[in-house]
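Chain lettering (A, B and C) follows the sequence in which the chains are written, and residue indices restart at 1 in each chain.
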Amino acid sequence: MSFKSISELLNGLTQKEFSSVELTRDYLKRIQQYNAELNCFITIAEDQAVEAAETADKRRETGAAGLLEGIPVAHKDLFCTEGTLTSCASNMLSNFIPPYESTVTRRFLEAGAVCLGKTNMDEFAMGSSNENSHFGPVRNPWDSTRVPGGSSGGSAAAVAAGLCAAATGTDTGGSIRQPAAFCGITGLKPTYGRISRLGMIAFASSLDQAGPMARSAEDCALLLQVMAGHDPMDSTSAQQAVDQYSHNLGSELKGLTIGLPKEYYNEGLDPTIGQALQEAIKTYESLGATIKEVSLPHTSLSVPAYYVIAPAEASANLARFDGVRYGKRCDSPADLDDLYMRTRAEGFGAEVQRRILIGTYVLSAGYFDAYYRQAQKIRRLIKNDFVEAFGQVDLLLCPTTPDCAFPLGSKSADPVQMYLEDIFTIPTSLAGLPALALPCGQANGLPIGLQLIGNYFQEARLLNAGHQYQQRTDWHLQHPTLG
Amino acid sequence: MTIKSEEVEKIAFLARLRVAEDNRGKLTEDLSQILDFVDQMKAVDTRNVTPLSNPLEMHQILRPDTVTEENQRDRLQAVAPATELGLFLVPKVIE
Amino acid sequence: MAWEVVIGLEVHVQLATRSKIFSGASTAFGASPNTQACAVDLAMPGMLPVFNEEALRMAVKFGLAIGAEISERSVFDRKNYFYPDLPKGYQISQLDHPTVKAGSIDIHLADGTGKTIGVTRAHLEEDAGKSLHEDFHGMTGIDLNRAGTPLLEIVSEPDLRSAKEAVAYLKKLHSIVTYLGISDGDMSQGSMRCDCNVSLRPKGQAEFGTRTEIKNVNSFKFVEKAINTEIERQTDILEDDGKITQETRLYDADKDETRSMRSKEFANDYRYFPDPDLLPVVIDQAYIEAVKSTLPELPEAKLKRFKEQYGLSDYDAEILSSSRQQADYFEAAASAAGDAKLAANWVMGDLAKNLNQQNLEISESPVPAEHLGLLISRIKDKTISGKIAKDVFTAMWNGEGSPDNIIESKGLKQVTDSGAIEAIVDQVLADNPKQVEQYRAADEAKRGKMVGFFVGQTMKASKGKANPQQVNQILKQKLS
């Protein structure tokens, strides 16, 4: 039951093979069993989950079932959930119980989903290994000596380990796609602005985007249907109409042109991953797609530009954590500056502090033009690369990550090495494009991730292409054996 | 070092982060390494490029001028570290 | 040495929107602490700003009123600094792309001269909260009700050359924003706050001297005093060959001095950058035209019209057009009176005196403009004398009703019936035989003065109601 797709679970609920309460209890049992090892959850909302499942069963009984009625999910711990701890995996917010609900989690509630708890992550979504959590690292269910990726590592590991049917994540530079690849699940980063950011604790506002993490493109389509749409409370949310994602999953790929950005297939790529990708390309050819090489010449500049823009925005976004209105406050501050400086030094972890300092530096007098403005110009060049490429092809196909899940601690001493983990996911984030990560192979028992990149608001096409691939392959059906 | 220890001290004050004495050296090193890495951007000629702030280049939506929020002080202050008579308390501010 | 004073003003005007610039919380003044600070205003995690359309419209109105270019694309930036009354750790403001670009404002001075003052820009931003320094066990209390109230910061060119000019500019600004209805302009509640940049330079020198900025001066009177005090301070330093330090100063009204605010200046670096939670505000010409069509007649235009249409002096026209309420009152009174000059005299005279005494705004006048106009018309049609009119006005002020009712009920109507006046005169002459004798014995030159006695007695006997011209005429006949 724990590794069934959402459509299978919905079917089971409709056919009364099992109730939402039974399903919820099953996941809760697995969480009890495996969370101590994997550390996927910061908060397990056992009582509320069972209560929500009871309500869902009743609603189904009365024929008032929502799109996700009774489906147990987990939310990344940066979506504010009214009455439930929302910590952002930070000491700073380790006591923060929001008096309001984020738009994303509210939409899940309205669709009838059951919230099992809040998942672990890199603090304030800053990290690519989930080692930057105040609540300890998450372990990869495929190999618990390895990282699950980050920052949505708890969500990815929970889905992969069958501790929930699906989960929410957020992606700023790859935080949905990279952990999805490392954990062998399917994750979608939608177009910037497709999903409301209201109630989602901000890392970098012009990049942050929520998205679904699940077992298949088909499940992601259903989840996106629930999550997507304009929110008048978020100025950056798009007013574009929402497509019927699930209904669009049957389209043939004949006539589709898929581009291979040559800069992504370089010597830095792990050969096993390269091999798996060649297989995937063949599968797409056999599905009727035409393959074409394209160039995204500014790719190598994306990580440097990102590590100026994202920290700059973060340095301002995280200024509100000052120990005055919510969150942690240091003990007996001597004066105002002492209150600020100690609260923030004690509340934020090392990586968050590094990024705040970098962000402060690149915006400060004398450096603004050389760093911040230059990075924004490079952001334009990177976007233009994609605009150019999408003039020739419908989708881009490339790796999600340069390697597979790495051992815990192996990169945490070297920030730049860690940053380069996101070389294949950051360009799309800067351009604001949608991208889907899905499993396409394994190397030494570790999942390999394929990445499909679509043009703006073409999530439907992206999900269909992912779904067509998953009809032909079974990588997405593999799951780890838990110890 | 791309960034000096004194500069780290200055930006740490701007960002209101206390840096422990024994950590300043390592931090300066880390930040220098990151700045060296991002410095490769500088080689690109961007004279005729317009900066991009928002990927979609949409326009601001406008909200009607209506009062939609009621007094929620008690709920909102329930998570505050220190309040009195409805005020948030901070160490004495000297003007 | 002869010094030239150079002044530029930065005026923060609170816009009179119902809700805040980026949230749906109320902007009403005087609520209990933090009851009008919603999750957005408190910068709760995950909260986002959405721009208030009325704040935009008001800024555009102001821009059009001062003949400024309106930006078709304006951008909000974050101004970063830590302060407890600034919940996000940054203020949302506009740096490089303000909604209102350069414009100008005409001022008129008491000596009859006028001047055009350049306005560099006017940008939208959010107000901060308030720190309350009463002692809470050695702590400061923070009230964020004001946080997020829309402000229009209006920056002038350094075109002002004296404290008087600065006050005239500020008053004109006040009348423009209140005419437009975009602010209540209430300086006592902080609806209009002024920072004054002051510097001196040797007369004839093109280059500016080092300036100081006097923060948050909150009345016309204090602006004048603070600037003059600062001019004196700077003059003293420069005369002693000293140097002015560029700094922020605070005006202390009790001591009538400015003093340095060293604390905040240390290492300030605001790190402005475009706010990624907000997008560029884009408006088109049609929008601007639509706003333009809603502009009322503005003070400067009204002043000109008052001079032309009513033949008022510069001075009278300036005073009567200084506020929309005053101007509307005057015009209503003038129309009911059928005499603009008399109406102007009454509005600036007895009415203004009474309003001042009781500290009332003209909109709160117990005497409606129509009644004042009617009263004036009763003087003109000789129903009452100018002297009686003062009594009627007092009765009106005390709420005794319309002038006609008061004249009627108190029997104040002027007596113009010659028979009735003759009877009173006869009585007065009969009662004062000695004076009549003296009068008749006197020569023509002395008689002129002596007749005053009889007029006075007659008026007294008629309780002031006899028509003075007729009394004069009849007395002359009877005494001759």
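The working rule: a contact is a pair of C-beta atoms (placed from the backbone, for glycine too) under 8 Å apart; a residue touches a chain by one contact, two chains touch by 3 or more.
Small disclaimer: the values here were computed from a predicted structure and weren't measured.
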Using mean Cα positions, find the chain sitting nearest the overall protein centre. B
The pair out of A-C and A-B sharing more C-beta contacts is A-B
In whole angstrom, what separates the CA-based centres of chain B and chain C? 41
In whole angstrom, the CA-centroid distance of chain A from chain C equals 58
Report the inter-chain centroid distance for chain A and chain B in whole angstrom, where each centroid is the mean of the CA atoms. 23
Could you check chain B for residues that touch two or more other chains and list them? 13-14, 16, 53-54, 58, 60-61, 63, 72, 76, 82, 88, 90-93
By residue number and range, which residues of chain C touch two or more other chains? 39, 42, 44, 50-51, 80, 82, 84, 142, 269, 271, 276, 278-279
Can you list every residue of chain A that touches 2 or more other chains, as numbers and ranges? 96, 98-99, 206, 232, 235-236, 315, 319, 322, 324-326, 336, 340, 360, 364
Residues of chain A touching chain C in the complex: 78-80, 86, 88, 93, 96, 98-100, 102, 197-202, 204-206, 232-236, 312-313, 315-316, 318-322, 324-326, 336, 340, 360, 363-365, 368, 372
Any idea which chain B residues touch chain A in the complex? 3, 7-8, 11-20, 27, 30-31, 33-35, 37-42, 44, 46, 49-56, 58, 60-61, 63, 72, 75-76, 78-82, 88, 90-93
Considering the complex alone, what residue numbers of chain C touch chain A? 39, 42-51, 78, 80, 82, 84, 87-90, 142, 269, 271-273, 276-279
Of all residues in chain A, those that touch chain B in their complex: 95-99, 191-193, 206, 232, 235-236, 238-239, 298, 300-301, 303-305, 307-308, 315, 319, 322-329, 333-342, 344-345, 348, 353-354, 356-358, 360-362, 364, 370-371, 373-381, 383, 415-416, 419, 430-433, 456
Give every residue of chain C touching chain B within the complex, in rising order. 17-19, 23-26, 32-39, 42, 44, 50-56, 80, 82, 84, 131-133, 136, 138-144, 250, 261, 263, 267, 269, 271, 274, 276, 278-282
